[in-house]
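Two complexes follow with chain A in common, the first pairing it with chain B and the second with chain C.
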Partner chain A sequence: MKILLMGHPNVGKSVFFNRLTGANVTESNYPGTTVDYTKGWMKIEGEDVELIDVPGTFSLDPKDRAEEVAVAMLHESKDVRVISVIDASKIERGLYLAMEILEEGYPLVIALNMRDVAEDKNIVIDAGKLEWILGVPVVSTVAIAGEGIKELVSRIREAKPVDVADITANTASTADAAAGTAGGEV
Partner chain B sequence: MKLSPEERWDLIDRISRETVSFGAYRHTLKDAIGELTIKPMTGIPIAIAVMYGFWSVFGSFAGFFTDGFFVRLFDAYWLPWLQEVFPGQGRFLYTIMVDAGGIDSGEFVLSSNCLESFGVLTSGLFVAIGIVLPAILIFYLTLALLEDIGYMPRLAVLIDTMLHKIGLHGYAIVPTILSLGCNVPGVAATRILETKKQRFIMMTLLAIFIPCGAQIGIMQDVVPDLMGWILLYLIIGYFIFGYILNKVIPGMAPEFLIDVPPYRRPMLSNIGKKVFGRVKGFFVVAIPFVMLGCAIVGVLYQFGVIRFLGDLLAPIFVGWFGVPAETAGPLIAAFLRKDLAVAQLSVIEMTKYQMITSVVLVSIYFPCVATFAMMLKEGWKELIGALAVLAVTVFAYGGLIHLIGILLGVA
Partner chain C sequence: MEKELAMMDYDEQGTITEIEKDLRTRVAGMGIRVGKKLRMVTKQPIKGPVDVIVDGAETSLGLDMAEKITVDVV
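And now, the complex of A and B:
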């Protein structure tokens, strides 16, 4: 099994990588710090698993060399799981990439990173509900402070492929439920 | 099942409506600082101040350790001690490893400092540890701070308009600044540029006009009063040749979209790790090359190859570039390490303007072997193209600098 860290540029993939493998890849506060992939090893429940720090990409449709590396990494690896790292203050864009990866049938777990930044901006995300809708594990993290890392690791095994049709159905039912309660209040 | 982009956005819209709640937006101090550093009216003066600060810290820190400590250590203790204990004075091995010495009124004399001795264990170690190490240490420390705070993308936005003139865009400032440390990560960072044209222009300009930290460190030490002129010539060259390349090379230079990240408090542990990693990289890669370069040039001197090349190339060196023929030796060393080449230039007898010209030539001439290897990794066609541009540039720009000197009456 291989695990890929994927997400937009500057969402903290390298920070996760260093935390999870004890390696020393460069972390900076600007997009495009990682332009090549780095491999490392981590332990999940006693098993050695390869973890790959992938350059940031906005979509699976690459627009520069660093993104080409990222997309090739995903398509050429066998038996992969993806940790989709999402900047919690820019969740929609992050979900776009996560959704593309899910549509291609890869098992996924979502790390909603930089929860602190999102809170600063008064953005609150219902991670539980998001998990229910998507059908994959969703973990809130602050990677530079190490928050949520343990939970993320413990839930990698739960990563699974999902059918996008199910996600669509789930949003419809929660929307109905919301409409229902809203209707009840009137 | 695959969705079209519209369907995907539509679905995401519904998901986020269900799961995300936005509170009122507060304008924080962080936001205010963020805006001040990015609006041109305030941002450009701040950028100039930041760069000036960077430069002052670099100069004083490196000077403090090199002049205050290493020069004394190497010239007063290390060199005399080695001259004393190393066997076989005047013999081949002694000349290469310790001191080539000089002839003064017909007699062989030992060198008095580690720049003149040309030995692997004296000049080689002194250049690598005494001069370059403090310089790159402080460079990487300051760079790591700027990186982790999140200043780089703001600099990119500010300089965007200017870099469009040379077919690049603001984000090209990232490879450029990384190259000021070492051209190797700079070349790797060109991958963030979108088109082949941009990557080629960037890679070529980096290899030619951006001096690396090691080189800047040694220039700061051996020719501090000429630094301004040398850097000015390099910056002007960067823009002139960028402008020409942009006109000549077919291809697109698209606009860039960038996320300017919020400012963050840098984490000491991360800065420490980064600086340590980069300095360690220098130790492992650069020091053997400096010493090897020293040895090769020493051997070539001993066998008269440098004198031969100097004589052969004298018409070009003296006539076209207006520099002494002896600069042939340092130019050979420059392929291995540019810092070493500058050190060797500094002890050749010449006028100030010749020194400026020859240091600029060392900078723009062939990239060092590590950069060469990295460029090859990015594509051999690009490398050949870059080398062709480089050959033309060295001749054209070297001649132009000589011409300017003649017109100013200093060459």
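And now, the complex of A and C:
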């Protein structure tokens, strides 16, 4: 099993990487490019798994070399699970990428990182509800402080591919339920 | 009043009404889509990029992209 850390640039992927892996980290160029990435090993329930810190990308529709590499790494890997790292204060665009990955059928866990920064901006996200809507594990984290990392690791096994139609249905029913309440909630 | 994003003045706010088709998916990943509210913060001189705030996040768009986005300015 391989685990890919994917997300926009500057959302904390490398902080997760450094927290999750120990020594024995390799930094190399993706063959034929000057785009480099880091890979290392981590343990999940005693099993060694490879963790790759993928270059940041905004979407799976690449606009530059680094994004091409990110997308190629996702498509070439077999038996892969994705940790989608999202900046909780910019959740909408983060979810855009997460949805693209889900649409392609990859098993996913979402790390809503920088929860503290989001709270400073008065953004509070109901991770449980988001998890219910998306059908994949959603964990709130503050990676630089180490908060939520353990929970994230313990839930990687629960990552599974979901049917986008289910998400659409869940979103619709949530929207109906929330119709009377104030908007702005995700 | 509708105008090109590239033509917006500093600190002007508006709602995106149209994005040229070929650009739509390219900017969607940055949180820019029809119906979004944005505020223009900086425009770099000599055909430089335009900076906007969408959802509290600053995003910079090339001038050629900004010319293909129509905004209803308030």
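Definition applied: the second predicted complex is superposed on the first by the 165 of 186 C-alpha atoms of A that agree within 3 Å, B and C clash if a C-alpha of one lies under 4 Å from a C-alpha of the other, contacts with A are read in each partner's own complex, and residues count from 1 in each chain.
Convention: a contact is a pair of C-beta atoms (placed from the backbone, for glycine too) under 8 Å apart; a residue touches a chain by one contact, two chains touch by 3 or more.
Quick caveat, the model's predicted, so the values are computed rather than measured.
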| item | value |
| --- | --- |
| Touching partner for A:Glu92 - first (chain B), second (chain C), both, neither | both |
| Partner chain(s) touched by A:Lys63 [first = chain B, second = chain C, both, neither] | both |
| Contacts of A:Lys121 with chain B and chain C, given as first, second, both or neither | both |
| First, second, both or neither for A:Thr168, with chain B first and chain C second | first |
| Partner chain(s) touched by A:Ile144 [first = chain B, second = chain C, both, neither] | first |
| More chain A residues in contact [chain B versus chain C] | B |
| Intersection of chain A interface sets (partners chain B, chain C) | 63, 90, 92, 96, 121 |
| Chain B residues within the chain A interface of the complex | 1-3, 8-9, 11-26, 28, 30, 144, 147-150, 152-153, 171, 174, 188-189, 191-194, 199, 258-259, 261-264, 266-267, 270, 273-274, 277 |
| Chain A-touching residues of chain C, taken from the complex the two chains share | 25-26, 28-31, 55-57 |
| Chain B-touching residues of chain A, taken from the complex the two chains share | 8-10, 24, 26-33, 35-36, 55, 63-66, 69, 90-92, 95-96, 99-100, 103-104, 117, 120-127, 129-130, 133-134, 144, 163-165, 167-168, 171, 174-175, 178 |
| Residue ranges of chain A touching chain C (in the complex, touch as defined) | 58-59, 61, 63, 89-90, 92-93, 96-97, 121 |
